[in-house]
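The following pair of complexes shares a single chain, subunit A, combined with subunit B in the former and subunit C in the latter.
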Partner chain A sequence: MRQALTLVNRLGGLWLLVGLAAVLVLPWYKLPPPDTGGGASLLGSALTEALAGRWWLLPPVLAMLAFAGLRLGRGERWPAHAAVPWLAGAAAILYLGQAFGIGLRGPAIDGIAQAMPAAALGQPGLGVGGFALGIALTGIIADSLAMRGFCRGERFAANAVIFVITLLTLFVFFPILRLGSAALFTPDGVFQPGLFVTRFTAPDLWGLDCLVGDRKCGVVINTLILGILSGLCSTALGLALALIVARTGFRFKGALRAISILPIITPPFVVGVAIIVLFGRTGVVTGWLDLLFDIPRTRWVYGLPGILLAQVLAFAPITFLVLLGTVEAINPTLEEASKTLGAKPFATFRTVTWPLLRPGLAAAFLLAFIESLADFGNPIVLGGGYDVLSIRIFFAVVGARYDLGNAAVLAIILLTLTLSAFWLQTRWLGKKSYVTVTGKSDAGLSAPLPDPLKAAVYLAVIPWILFTLGVYAIVVIGGFVTDVARFDLAPTLRHLSTAFAFEFGQFGLQLYGSAWDSLQTTVLVSAIAAPLTTAIGILTAYLIARQNFAGKGAFEFGTMLSFAIPGTVVGVSYVAAFNVPPVDITGTMAILVICFMFRNMPVGMRAGIAALSQIDRSMEEASQTMGANGFATLRTVVLPLIRPAIFTSMVYAFVTAMTAVSAVIFLVSARHNMATAYIMGRVENGEYPLAIAYSAVLMIIMIVCIAIIQLLVGRRQLGRRSEMHKPPAALPAE
Partner chain B sequence: MTETAIEFVDVVKRYGSVTAVDRISFSIRRGELVTFLGPSGCGKTTSLRLIAGLELPSEGTVRIAGQDVSTRAAAERNVGMVFQSYALFPHMTVIDNVAYGPTIRGGDKKAAAERGMEILAMLGLEGLGKRLPSELSGGQQQRVAVARAIVQQPDVLLFDEPLSNVDAKLRRRVREEIRDLQRRFNLTAVYVTHDQEEALAVSDRIVVMNQGRIAQIGTPRELYNSPSSRFVADFIGDANLIEGQFEGTSFVAGDLALTLPGGPGNGPATISVRPEQIALAAAPQGSATVTNAIYLGSRYEYLVETAYGPLLVSAPITSAPLASGDRVDVEIRPDGFTLLES
Partner chain C sequence: MIRAIAMSGLAAAALLGTSGAVNAQSGELVLYCAADEGICRLLSETFQRETGINVLMTRKSSGETYAQLKAEEGQPRGDVWWGGTGDPHLQAAQEGLTSVYESPMLDQLQDWAVRQAETADYRTVGVYAGALGFGYNTDLIDPASENAPKCWADLLDEAYRDEIQVANPNSSGTSYTMLATLVQLMGEDEAFAYLAALDDNIAQYTSSGSAPIRAAGTGETTIGIVFMHDAVTQAVSGSPIQVVAPCEGTGYEVGSMSLIEGGPNPENARLFYDWVLTPEAQELGAQANSFQVPSNMNAATPEESPNLEDILLIDYDFALYGSSDERSRLLSRWDQEIGSR
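Our next item is the complex of A and B:
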């Protein structure tokens, strides 16, 4: 291993070798899928393609040969040569220029075709060689910068910075830019900037008729109404839960905390389905109400009330965790002081406790608001006629009225709303709140809640608990009885076998069930994505916490952004960006993995930053002075010391990949379907028991996998979703 | 083999708008112990880190063993560093800590462990190899940190305020241990401290720093006896700074006139006089008055009011000490003062 590394370095470094292979050996273009048969023969390397008339591929080839020459003339530290960054930069620009300038159907500018006739034929997306060259150029630029003192001359760190920036650019910013430009094109691909205004001002976006008349509101207004109501209700419920846990003698606090973790591992749709099963027109509770109290059966649950119910159920645990921190941080001595001054309990609460709670409440509200805007699973199941942005975007891309431009405009609106809320939130949380943060103070006893408030709190929480229990009871039994929706509780394995039938026959294990494919893909994608997500998240944390480099502020902002973008927007932007050359990767498993990596990395990043801020950085410096390079230091010193963060990140990345829907729903294909997409199909067909059975299976798999990860990484600590919403502990206040 | 172990040429280190190290040049000879001395924030640690490669200079050249390492990362240099917090790896045993460098540089694991054992034994730590750092006393931890830093025979051994985590009572012993070790292994060492007494005690030479610049470089004796600036005179030991005028080849202040060894000068000037370079003689008609007399066990300290300002005087114990209010004659020894740069 070590010898191999030394040999590679002797030969001029990994990047030179990769680059040479990329231009001389590897197929430059994306290979046509095997089932399309033949097509233009584009199996050549950059060199052979260039000699065959695609002259625009020559610069990368020449640059790589020049680097090889430098290696021969200059020895192992060849990237230190003054010409290297310029040469690599120029090669990178020409490489990008040709990739974006000459598309599938020919060049973007006519003049190019005159100079190089072959360009008129167009070119397919980049293949192994094309991507490898991009990687090699990035690495050579990083090496040459490191040898000029970038990142204190640490090659590993310099490479990490440059690669993470490149990846964020490619998989976060570039898709958003493509999305922006898609908003300016007609469905037939004609450039028409005025269209943006037409689309943006469409009456079905901004209509306020539901407030004054009895017709429907515009979709943006609907989204905002839902978001605000959901934020308010979730915050109120979260506060009630936090007060119960922190300020009363409630006996089942442990159970409450446990319940609050459930939504994290609950697949989407299942809560919606359970609500329909309970409260739909033919629902269980509806039936009882009809039977016992003659309350007529209605469809009230479809639309705003149903979505709201489902969202509050899902978000209250998040707001609870935020507010629990706030409530516990309030120093009881303040309240005691107020009491000794003669204030009555309610006056104390109003004048002391409440003002201290306000920043936490605002944060919790914005959090739930952002989650509500991004929510896709609940509205699509329970929406009825109540349209929200995420749903409208979805149907603009996958529905019969395919219109990417329109989807782009809607996505931009959704993105703007989310980012505004996100910006408010980080500003709010970034500022030092005036809560007396001392952790759990044991000086003095907390004031017990005044009685009326206590009653109100119980009144809010007890129905929530019953409701949660009801929903999860449906999840547990629904898949294993004949028809839970009609209260036919005869046990059966029929649904399970529809999805997961198998047989040990003469050909070995055979899987008949209709869900096997999607389950296999889901587990495989999640299992690949979890370590990769963790790797990039922890690496980014390491860079932010430990490295100083020019542009670090923008770098941090970029990582934050990648996480603030709603899943639906990510999905559309990936469709806009990666459906065409040069990066044509839709329909592959890679795009699913990539999507998860960049959506879920911020959790690992924040856990990593928090963990790193606890570790004396002179340990890493000691390691470096003893001759360990950046990578060896990371491996032997840093990683062993931040295992809990790695565990958190792994679990979170795995679980979210298993349950995510909003972004991947745009990216799945017949070959690579995901469990959530499959479940959504079943829900749309009304096959609720099947959907529930599958969800239960998913939950069991997740619990087993969390246990396995825990064994592997070896530390007990469940990832909390709220962690990703906290401002990173180690960010300097600027 | 060059005689110069480390050389800085016009080295500048900036952090944004802060200039931590402002164009410094010096060189350190092989086998020498050099101290960076100065008040907090003057750039000592930064200079040390520039040697280690934990920071790279914004401008200028750093050479180690004759090689330009200005853009070389720490891992590509051969330096040992003992950190203020010791920075032992808490998840590795003592021997794994000590053998870390040789192992990570690709050496044979067993040979590295054997070499580590040897060094531990030399530092009086035999038998502790299997323990975790948290199971050692503070002094033992420091010795492990030193063992870890010298196991690879570094070009230079760096200490950043090594006594700051040591019990006040043990400081003298630990600093003698360090000095002894440096001589025993013939190491080139750089030592950072803000304590002038410590610097005087351990160093071959001292680099006095102030606000990112070098104020003066010299042996402890040179710095003490002939400080070149007000800052150095003040920072190292106690000094009486007397302001006066050049008059021909003399320095004149009030009723004081001293012949300068150098050539004649012009205009205002300042001299520095150490308290023990002043002799007092009781004289009823004397021009100066003792305003305070303090008995310090090993000597007396007097505060004397003169025509050119107050003086601090250190005098040996005699049978007839002066008392507050006594009138005295003041005599400054002919070679007991230094003219400071204006």
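Our next item is the complex of A and C:
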């Protein structure tokens, strides 16, 4: 292996070999392009296609040949030559220019066709060769920059930085820009910038009528009302849960922690469906209330109250984890001091504990607010007449009037709201100091809650526990009885067999159930996406925490951006960007994997940065002093020390890939359907038992897979210390 | 690590390059099915068994399918679009998203199916028909009582406040058919006045066209406005549903099929197109609990299907109400006057 590596380096480095293969041998296009009449092209590589009349493919070929010449003339350190970055840059610009300038149906500008007649035929999307050349050019640019002092001349770091930036540009910024430009076009594709203002100021977006009159509010106002209410309720409930766990003698703390993890592995829609089954007009609870107390059956659950209920159920565990950290970090000596000075328990809570909780409360509120803005599954099931932005975006694209421009404007509004909340969050937490964990002794005992507060906390938490248990009872039972919605509780495996029937016939195992395809795709995509997401997330964390390079701040912001973008926006922008050449990948499994990678990498990155900040650099410096390069240090020193972060990232990436719906709904295809998209179709059709049965199966798979990941990643060994248990990171913007 | 990046990069490139190329394989058919899941699955399985062509089927609503065609205009991924109300098919035909094909089966088809094809210059064809109506839950309304709803006008009764569901016409072809039907039946201003009055009784505008009748079946709502064959499906599967053909007359849909222009497997697409118009294929509907009237004259209509001859049908102007301009105009008026109420 080492010899092969040395050989590759002697031949001029991997990037040169990849680049030469890309232009000389590998097929440039994903499909054979239209015949130019200039002779059949044997390999379909850039060189033969260029000779057959596609002259615009010649510059990259010439550039690679020039690099090969340099290698022959200059030896192994050829990328250090002053001309290399310029030449590679020019080749990259021409490469991108031809890719975007000449589309599937011909050139974007008429002049090109006159200069090169073959361009009028158009060209299909890039294939293996086309992508490989992009990789090679990026690598050569990174190498040449490293030899000019970028990243202190560390080749590995320079390559990693440049590649991560390239990937973020291609899969985060480019789709958003493409979507933004769609906001300026009419549905027929006519450029009309004024339309943006018309769409942006449409009265059904900003109307405030519901506050003063009896008409409906605009959709943006609706979204904000829901977000604020959801944020407040989730934060209050999260605080109550945190106080119970940290400050009372509540007996079932372990169970509480376990319950609070459930919503994270719950597929979308199923909570909404369970709420309908419980509280709908013919719901189980509604029926009892009618029977026992003569409370009339109503349809209150459809609309704001129902969505709010479902969201609070889902988000309270997240706020709970955030606030538990805050509550536990409060130094009890401060409260003891207050008590010693004669303050009553409630006064102590109000003047000491509460102020110290505030940053945690703000963080929890904003997190729930952002989640609520991006939520898609609950509003679509329980929305009734209550319209929110994520749903409106969905119907602007899939509704009876396809209007990508309008969807783009709505997406921009939603993105602005989310980013503002993110910005507020970082501002708020960045400025003030709430340090209470210091080196000084904190041997005090934390004060028990004042009695009235304790009563209030129990009053909030006990209904929540009952409610959660009720919802999950429906999930457990619903899939295995005839029809839980009509309260027909005869046990049956009919729903399971509709979804997952199989037989051992003469051809071996045969799968007949309607859900097999989507289940296989989902597990496969999640299994591919989880390690890739973790790899890029941890690599990025390493770069941000350990390397210094120009533009690091912008780099960090860019990685967080992909986290802030709501899923519906990502889905729409991917359709807008990747359905046409050059990067023509809609309808493939790759687009699903890529979508998950870039949406979920920030969590791994955050976990990685946090873990790295606990590890002294001196160990890595020792490794490098002893002659290890950047990669060897990362692999042998850093990675084993940050195993908990890797575990968090893997589990998170896997679970979100299994349960995400808002982005995926636009990207699934006949060949690659995902479980959540299948479930959504069943829910829309009212086939609740099937949806519930499938969700239960998915949850079991997730639990098993999390256990497997735990086994694979293993635990880090830190001397004889036992490992601290870390709470999982927050959920993404769905 | 550079090696690792390179290998993963190359692997990614290979994945990107090859996964696209697989689409062009022969022996496959990508079917966009906009009818009920049951019939969609049965059709694709039967065709696959008879021809050995591997059918990749996605089920979406007709609005979603139209949107997908539009989004994939640069590079279509689907071959055939089967089912769903005719209007989006006509709109797609008008925009050139679907291709011209005159099937040899045309002379076996009912008039309304051929007329659908002629309206679209043979870019689409009728595969089934069904009349619009509504269904109510017989546990909540006694069908024997005099007050049981029989007409459109009866739905305005105050007794049904928040008891009626219908789909949102922006997402559902069913609901757009209702909008166009009422406009033709009453006149445009009167139709919107009716819809505004009806809005007081509507509990929820659903996104799926057949969802209202399922809600009525479980008792979540009392009345669902849907295509009558969807109501029959519910009744047949044991829900307490009474199907009603409105006394003033009603419109109907011509469920259609189109070949997608530039699809990856044009030959298989034509094979499917001709096959699905045969009496044998059309009779599969009843097996999958789909009770539409088939378009092939030789295909037997399921017994349970609402008989089109017994229903007062309006002379539905598919050309006008299927055109994108009229559609957009009616839908934005609906958004302004009803949707934002």
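The definition used in the following text is that the second predicted complex is superposed on the first by the 691 of 734 C-alpha atoms of A that agree within 3 Å, B and C clash if a C-alpha of one lies under 4 Å from a C-alpha of the other, contacts with A are read in each partner's own complex, and residues count from 1 in each chain.
Just so we're on the same page, contacts are C-beta pairs under 8 Å (C-beta built on N, C-alpha and C of every residue); 3 or more make two chains touch, one makes a residue touch a chain.
Here the structure is a predicted model, which means the values were calculated and not measured.
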| message | Both complexes share subunit A, so when I overlay them there, do subunit B and subunit C fit or clash? | response | fit
| When the two structures are overlaid on chain A, which partner does A:Ser518 contact: first (subunit B), second (subunit C), both, or neither? | neither
| query | Which holds for A:Thr568: it touches subunit B only (first), subunit C only (second), both, or neither? | reply | neither
| said: Looking at A:Lys30, would you say it contacts subunit B, subunit C, both, or neither? Reply first, second, both or neither. | reply: second
| What is the contact status of A:Val18 with respect to subunit B (first) and subunit C (second): first, second, both, or neither? | second
| request: In the three-chain superposition, say which chain, subunit B or subunit C, touches more residues of subunit A. | output: C
| message | Between subunit B and subunit C, what opening angle does the Cα centre of subunit A see in the overlaid model, nearest 10 degrees? | response | 170
| task | Once the structures are superposed on A, label A:Ser230 by its partner contacts, choosing first (subunit B), second (subunit C), both or neither. | result | neither
| query | Touch check for A:Arg155: first (subunit B), second (subunit C), both, or neither? | reply | both
| message | For A:Gln547 in the superposed arrangement: first (subunit B), second (subunit C), both or neither? | response | neither
| query | Once both structures are aligned on chain A, how many angstrom separate the closest C-alpha atoms of subunit B and subunit C? | reply | 13
| Interface residues of subunit A shared between complexes with subunit B and subunit C | 155, 630
| message | For a test of understanding, state which residues of subunit B touch subunit A in their complex under the given definition. | response | 52-56, 70-81, 83-85, 87-91, 100-101, 104-106, 148-149, 152, 158
| Given the complex with subunit B, which residues does subunit A contribute to the contact? | 2, 6, 80, 146-149, 152-155, 616, 618-619, 621-630, 632, 636-637, 640-641
| Can you list the residues on subunit A that touch subunit C in the complex? | 5, 8, 14-15, 18, 27, 30-31, 103-105, 125-132, 135, 139, 155-156, 159-160, 163, 203-204, 207, 215-216, 276, 280-282, 299, 302, 380, 384-385, 395, 397-402, 404, 485-486, 514, 532, 535, 575, 579-581, 583-590, 630-631, 634-635, 668-671, 673, 681-682, 684-686
| Residues on subunit C engaged by subunit A in the complex (per definition of touch) | 1-6, 8-10, 12-21, 23-24, 30-32, 36-37, 41, 56-61, 63-64, 66-68, 70-72, 74-75, 77-78, 88, 162, 168-173, 176, 203-205, 207-208, 210-211, 214-215, 217-221, 327-328, 331, 335, 339-341
